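Which chain is which? They are A, B, C, D, E and F, in the order written, and residues in each are numbered from 1.
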Amino acid sequence: MPVINVKMTKEDGGATIEQKEELSKGITELFSKIFNRSASNAVVLIEEFNTDNYYIGGKSITKIREEQKLK
Amino acid sequence: MPVINVKMTKEDGGATIEQKEELSKGITELFSKIFNRSASNAVVLIEEFNTDNYYIGGKSITKIREEQKLK
Amino acid sequence: MPVINVKMTKEDGGATIEQKEELSKGITELFSKIFNRSASNAVVLIEEFNTDNYYIGGKSITKIREEQKLK
Amino acid sequence: MPVINVKMTKEDGGATIEQKEELSKGITELFSKIFNRSASNAVVLIEEFNTDNYYIGGKSITKIREEQKLK
Amino acid sequence: MPVINVKMTKEDGGATIEQKEELSKGITELFSKIFNRSASNAVVLIEEFNTDNYYIGGKSITKIREEQKLK
Amino acid sequence: MPVINVKMTKEDGGATIEQKEELSKGITELFSKIFNRSASNAVVLIEEFNTDNYYIGGKSITKIREEQKLK
């Protein structure tokens, strides 16, 4: 307990193993501290999305990044 | 708001960027129209599955497509 | 095919059955039109969240709505 | 970005609003710090499960808690 | 390992605890047997949906059940 | 009905098509038997995770497997 699913984009070569470990460990410890429960069974799942498959407000992250670069 | 997750199979080379954009934009606008809410924060996530990983009634899409071709 | 999961907040008494039907039917037809595939097996699942369980940028929808009312 | 889904059990009256806010804010900040990206669009969704609907190793949390109390 | 999410409708009073236990235990054992891996960390999550929130081919389970009764 | 999502790690070359078929068919039949409902519309989705993207208790399956080999 619990199961935590992280859905993020794969950008700039993608998250490194170190970043993914830091995130998973951090979320697990945070949960454990706030709810005062053992987190030995906590599951963290990281799913990395192509920027063409992730949309905010109907616009792909690919397009959003392009627009941000033009600014 | 909202978060919409689309799980579909990757067939015939997979969905094109244009198709994915049309789907994401269409769903976002539909939601916004029906609920009369801003959809600037709407997230659409598209996950494409190998046809060996998607089953209906215990049969893979791979097999279902093979059977459809025989008909 | 496909499976589409809609996660939205329950506000103002929640979505009506008519709104949920319109959304599900609309998404199903949109998918069918764009990918030119039968959608007779398309599954749409609607999950409604308490506004205390949905966060954007670390802030709950409950708080976001309160701030919007003050403006 | 990103979308983070937390599936946890509802125990001892359930998580308080303060606990849920602390968790969501903490995860959002952690993500932002590790990946050095803005998290203004980060979505955190918290789903609370009845202990009869959450199983580890084929055993419900309801039963696991009962066994822990006997120890 | 693994995490298995079951999304089903709540009908006829809903699934009993016995049914949910049988399903979770059965899936866990099946996984363990097929992949020859320990399933002590397997998580099964059961989510029950109102029949107005579950659609197949754009039609709610509520309507599908009504039509089945008429036949 | 229902939709069942299996999230597992990709190890030792990954699950074979035969294993995935056996799992999907087995889960579908189990569901059908327990709830005495037709499962012709049951959807099983299998998602395979890199062992660096799956964490238990804050530790990646990659690390857990390394430690198991040392024992």
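Note that in this section contacts are C-beta pairs under 8 Å (C-beta built on N, C-alpha and C of every residue); 3 or more make two chains touch, one makes a residue touch a chain.
Nothing here was measured: the structure is a model prediction, and the numbers come from that model.
Enquirer: Identify the chains in contact with subunit D as well as subunit E, in label order.
Expert: A, C
Enquirer: Based on mean C-alpha positions, I'd like to know which chain lies farthest from subunit E.
Expert: When every chain centre is compared against subunit E, the largest gap points to A.
Enquirer: Mind checking subunit B against subunit F and telling me if their interface is mostly the same residue numbers on each side, over half, or mostly different?
Expert: Counting shared over all numbers used gives less than one half: different.
Enquirer: Report which of A-D and C-E is connected by more C-beta pairs in contact.
Expert: A-D
Enquirer: If you fit subunit A onto subunit F using only Cα atoms, how far does it have to rotate, to the nearest 5°?
Expert: Going from subunit A to subunit F via C-alpha fit gives 120 degrees.
Enquirer: Would you mind pulling out the distance in Å between where the CA atoms of subunit A average out and where those of subunit B do?
Expert: Distance between chain centres: 21 Å.
Enquirer: Mind checking the centre-to-centre distance between subunit B and subunit C? Centres are C-alpha means, answer in whole Å.
Expert: 15
Enquirer: Measuring from the mean C-alpha position of subunit A to the mean C-alpha position of subunit E, what distance in angstrom results?
Expert: About 27 Å separates the centre of subunit A from that of subunit E.
Enquirer: Would you give the residues of subunit F that are in contact with at least 2 other chains, written as numbers and ranges?
Expert: 3, 7, 41, 43, 45, 47, 54, 56
Enquirer: Based on which chains are in contact, what kind of graph results: line, ring, star, complete or other?
Expert: Topology of the interface graph: other, matching no listed pattern.
Enquirer: Kindly provide every pair of chains that touch.
Expert: Inter-chain contacts occur between A-B, A-D, A-E, A-F, B-C, B-D, B-F, C-D, C-E, C-F, D-E, E-F.
Enquirer: Where on subunit D is subunit B touching in the complex?
Expert: 3, 41, 43, 45
Enquirer: How about subunit B: which of its residues touch subunit F in the complex?
Expert: 7, 47, 49, 52-60, 62
Enquirer: Can you check the complex and tell me which residues of subunit A touch subunit D?
Expert: 1-9, 15, 19, 22-23, 26-27, 30-31, 34-35, 41, 54, 56, 61
Enquirer: Sort out for me which residues of subunit E touch subunit D in the complex.
Expert: For subunit E paired with subunit D, touching residues are 17, 20-21, 24-25, 28-29, 39-48.
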